[in-house]
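See the structures that follow.
Each of the next two complexes has subunit A plus one more chain, namely subunit B in the first and subunit C in the second.
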Partner chain A sequence: MKRYGMTLMVVFGILALMGLLMPSPAPAARVVKIGVIYPLTGGAAAAGRELRAGAELAAEIANGVMADLPMTMAKNSGIKSLGGAKIKLIFKDHEGNPTLGADLAKKLILDDKVDGILGCYHSSVTKTVSAVCEQYGVPMINGTSTSPALTKRGFKWFWRTTPHDRWFTKDLFELLKGLTEGKVRGVKAVPKKDIINLASACEKTEWGSHVSRLIEGLAKEYGFKLRKSLLYAAKAADLSSEVRSLKAARPDVMLFASYTSDAILMVKTLKAQKANPKIIWGQDAGFEKPEFRNTLGGDIVGILTRTVFLPKVVEIKAIAGKVNALYKKKTGNDLGGASARAFTGLQTWVHVLEKAGSTKPADIQKAANSIKIPGKELVVPWAGIKFSTSGEELGQNVLGSGLIGQYQKGKDGKVGLEIVYPFDVSSADMIFPFPGY
Partner chain B sequence: MDILVGSLAAGILIGMVLALVAIGLTIIFGVMDIVNFAHGEFLMIGMYTGLLTAQGMGIDPLFTLPFAAVVGFLLGVICYYGFVKFLLRGPMVAQLLGTFGLMLFLRNVALLVFGSEDRAVHSGILVGRSFEVGMGVVIPATKLAAAGLSVVAFVTVWMLMNRTKVGKALTATALNSQGARYMGIPTDRMNALAWGIGAASVTIAGALIVNFWSVNPFVGLLFTMIAFAIVALGGFGSVPGAFFAGLVVGIITEIPGIWDFFTYTFNLDWMSRVPMTSFKYMWVYLAYFVIMVVRPRGLFGWKY
Partner chain C sequence: MEVLRNALDFSDFPRVDLCVAALVASFLLIFPLFHFSSFAMATMIQFLMFSLYGMGWNTIGGYGGQVDLGKAQYVGIGAYTTSVMLIRWDVPFWVSMPVGMSFAVLWSFIIGYPLFRLKGHYFAIATIATSLVLKDLFEVWDFVGAARGLEISPIKYHPPDFLRLIFKEDVYYYYVILGFFFLGIFYVNWFRKSRLGFQLRSIKDNEDVARSLGINVHWAKVKTYAIATAFVSLVGSFHACYIKNIEPEDTMSLDISILIALMAMLGGAGSLWGPIIGAGVLIPLKSYLKEWLGAKAGLVGIDLIIYAVIIMLISAVEPRGIWGIVEKARRRRSV
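And then the complex of A and B:
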């Protein structure tokens, strides 16, 4: 018995030693580092918080297993093709400053040795950061910057998932076209002559003046008459002569690209001047902000705004509802345009890494250029994600699309946005013409 | 036609308010020969006074005028005794730079206290209301009230300057301060009074303007420029000149509307392409420039 005992002990001892010496059967999961550059402080800090939470949630889903979430990245723990490597996000704050953004990108690349970059919200910062990435040959995915110029620079290391301003403006003209063809839910076909006259007022920095030019070009393309097109300073304290000038053009449709305080002032002035066009449309930004709704209340019923994500999407798209529930648990808020797109940006990173099966920049580049993520994987209401690899635009997602929402009074008496475009996901009958204030 | 009438009406209404903005500048200059660069900042403080009293006390912004007047008067008097009085001992350039410094100081204090974001009045008896006077001409109620009250304030100041003993003493100080002192007029107090009245009239204008303009700490500069143009046009030191010039400048800011009238009356495509509204203040500065070159003492100027 004693000898058996000795033998057993020796065997155990050897086993124990082997256990210590032998590498664990699953190799220690390595980490994929993604540098995330967002405006976490400064004027856009509120958006920055949303963006950060969206990206963090996507990383949590990718790193864990959530069986009830019908998403590929929720099924595996980490990146399967990289041996279950986990995503590690390194956040940096660019404060809305393009120069700081470029410095941070250099730091992430040289000091933190990140495998890729995600960011940066402000188009101006994305511009400088992507230039740094291009210089160092580090892949960058952008989820939330909408200046069309970003993907027109022929960059080989830059991919953008969000649609840009040209698409959004085109959506509007598709909606107008749909109105004349009777495609809009709850509205009978409107003769084109009733909505042919347009007038636009855009704020005069890079974004607004660009939208203004887009409206001009698309109006011609779709056969509408742009009777007046003016630019104004977003800081202007008074817009009455602008509004009178718009009114003088007797437009059927008024189009705006405004930031927050000027959007509010514009609608107030329109009301004071009793301007009653048939359609009022805002290009996101100010027209979508909570302040806009809170300040103007019932006056905005009937106003349209383009957007990328609405709480209504959650009701139509089951997957968005599930992610929204997780997001709400994490932050207490519903998903918004910024958070949903940041989530999608990181999700795209996960898919690209999964496909690449490597963190070598060249492999990631190859994977990104050939990736196709179907729309059913996404929380945003797009057909999917597929980047253009040739032609005028490089790295732009060609399957994205925007939404047009209309402020309507809900059953609870609160004013909220209902989807009126795309027509197949509309959540309510469109109010046409604009009912007045 | 409605475009033309609407623009002219809007121009005259805003012109009346601008006249009240300019009168303070012209009084201070008339009495003391000091150009007050901080004038627009006084207006900004008037706007914040109107806005914050209205929001804090829950009253309509139109009823905050007495508060604005008191705040303005005190501000003017404090600025005089605490600061301007000492500048008078220095050369002319010290006075210029001094009020310029006052402008920067007030603006940055406002930035510190109120923050940089735009604020606006969103509720009130008249806010958002307007009258349709026929032919499609729409006149916002806030502007009509502001113009009317401006005229009342303007007439009050004019009466004070021309029909009272204090006004005579002020005028005497303005004409010959040394002589006035020999006649027993306390010129120092008269100077303080000029600053008080000047500042009070512009803060009242501010409290009226905040009914339809949003306010931020930088709003003053635009009004300083416009006030300078009005005072130059009307003549430095002239009260009726300020009123007349205010109306003219008000109509000048409506040149884009008049342009629109011709555009759509004659249906000229090239005219609709000119971004006139972007240049609406350019015409004011152009008028300022022309007046300075052609008639530096202004239309009603009596000094120099």
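And then the complex of A and C:
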């Protein structure tokens, strides 16, 4: 019996030694799960499709190797510092509903065990989702919500790459000021009295109401008269009374903050009522969606919109051209403000993970707070990405900037956006005044 | 004592109903022990909230036959009272909730008194209008955050906070709303057997006959409307603490009003179990269809189509809702 026990011990000892000497099998490639919450149905579904495609393209580039793309994330397959871990996107549809957004965030965090969150486009939904992330200590990067209030809450788990509406709205007033000073390409100095009267109509959730306030404040600061300022429901089936009210104010400049379906309806109603201001400006969102251009065609020539990306950026930024070509191959459309920022949002996630070398929330937090992505890596024309870690705007990218584009008819007869602001990168003469209907 | 006895007395229901109800109640009590997903927990909380909304609606809409499509305004009053009192003056939920209910009831008297001069479709349209007007007012009222709404900051309070109803884990919210849910059932059980309950049913059957019997029809409707309002406002207060962010577009939208009426009607208006069955079918159906099919590439929106088709099918088969189907089957059996 004693001998039998000895034999067993020797056998087990040899087996244990073999176990130590044998090379361990290669660990299965890790996966980093990012929950992506976008509006895939409802009034902003068109934007949702763009956002999804932008984020998916960034994930495809990060997970593969594209040697001809001068981007750090295209050089490695997956996250190098995490042993080549692949990015897995888990999409959820919030329908533009903040309550649903919060529920989906909890599901992603507690059930799907995501390592981080990207989203949500609507500022109102970003607000509830970021609050859930804050409560659970899960990092969230936001690429497309522009309400200034989002980064003024002192949250430690929330970072925003896009510039916010205060910057964008200031750009508009700089453009108006430039018009009076003769700085705009192709337009002689316009007397201020000719463009002094403004009127605004903004959708009435978190985002639009903030823009409305900003317009009010900046109009005063720049010496313009805001003769009418109204809020409307983005889901409204009819905007004729709103347009009548705007027209009654006899504005020189009409300013809008609208999502897709309401932006289309607004322009249709402006046309039906033969509104004739000298300038029509949209605060991005609906005004720069492919659906806006495809539905309204020639009726939008002369309309201005702020954005962060125009196909014309391709001419001044080679990397944007290459990514745009990939995006066009995938979707048939050019990159727009939404898709380019969704792309940049996920790209930022990849850089943060690469720097963190871990999926622990505390490591990600540390990496996000110290990251600096140079502008040459980005498709958007920004100086780069660096998050504010102190002061009023915690987690806000301080290196972003905006563009203002104008719809013009190209030589091929197609309607597209030309850059008119910043003045030093303008790609065409500005059409002024608005040709009218 | 008599009131309590009536509230707890379910003896007029068939035994099979009571057995099913007991099983469901037991399941609800032990549900968190099963450790289902957080999504299942969120769905259950939504189910309980909409059951309570539906129970409130059922008093005036089901027993009274007055189709009210403006309940969202009272959700808003409850939610805003709790949020404003908590954010501005740090008042606990258990104080702000009854204050919100009082404001809502007061508002219901102001609105209800002239509104119940109207009948049928006119009444329904008027309730929608008042709700939308109140929502528009809240959207420009800076004191309550205007269109941006109010946010109960997740970094200001330290969960679990039973006074302010601020929790990190949903299980606490679940048991709080479950407590309200059982209280709601007992209250409606008392209500349907109360003098006011009988008056309302006779008003629903024939208003002129009810009046000839000496019932103050107008006053009975106004009182019941206030009761319905108190229910909805209570859940509104809970909603504010649960979601921690309220804004008029989300809390006071027409969608909420319609959903509340839809749950009760589809489940079976005018019956104790109807609103619970309605919420029990529609809430999980919507949530899980969205979860399984909602964000799948190429199938975006399919969940909403299936959801709509199921609602249409139930309405076409039995306009009195799911409870109507059950009763029809029972009658057929007894024949």
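The rule is simple: the second predicted complex is superposed on the first by the 280 of 437 C-alpha atoms of A that agree within 3 Å, B and C clash if a C-alpha of one lies under 4 Å from a C-alpha of the other, contacts with A are read in each partner's own complex, and residues count from 1 in each chain.
In the analysis below, a residue touches a chain if its C-beta (ideal position, glycine included) is under 8 Å from a C-beta of that chain, and two chains touch if they have at least 3 such contacts.
Here the structure is a predicted model, which is why all the values come from computation and not from measurement.
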item: Partner chain(s) touched by A:264 [first = subunit B, second = subunit C, both, neither]; value: first
item: Touched partner set for A:242, first subunit B, second subunit C, both or neither; value: first
item: Partner chain(s) touched by A:232 [first = subunit B, second = subunit C, both, neither]; value: first
item: Touched partner set for A:106, first subunit B, second subunit C, both or neither; value: second
item: Which superposed partner A:149 touches (first subunit B, second subunit C, both, neither); value: second
item: First, second, both or neither for A:128, with subunit B first and subunit C second; value: second
item: More subunit A residues in contact [subunit B versus subunit C]; value: C
item: Partner chain(s) touched by A:97 [first = subunit B, second = subunit C, both, neither]; value: second
item: Subunit B versus subunit C as contact partner of A:210, first or second or both or neither; value: second
item: Residues on subunit A lying within both footprints (that of subunit B and that of subunit C); value: 204, 231
item: Subunit A - residues contacting subunit B, complex; value: 204, 227-228, 230-232, 235, 237-238, 240-242, 244-245, 248-250, 261, 264-265, 268, 271-274, 295, 299, 437
item: Interface residues, subunit C side, partner subunit A - complex; value: 37-39, 42, 46, 139-140, 146-149, 151, 153-155, 159, 168, 170, 239, 243-245, 247-250, 290-291, 294-295, 297, 300-301, 304
item: Subunit C contact footprint on subunit A (complex, rising order); value: 40-41, 45, 48-49, 52, 91-93, 97-99, 102-103, 106-107, 109-111, 124, 127-128, 131-132, 134-136, 147, 149, 153-156, 204-206, 208-210, 231, 233
item: Residue ranges of subunit B in contact with subunit A within the complex; value: 3, 6-7, 10, 117-118, 120, 122, 128-130, 132, 138, 140, 142-143, 212-216, 218-219, 222, 253-254, 256-257, 260-261, 263-264, 272, 275-278, 280
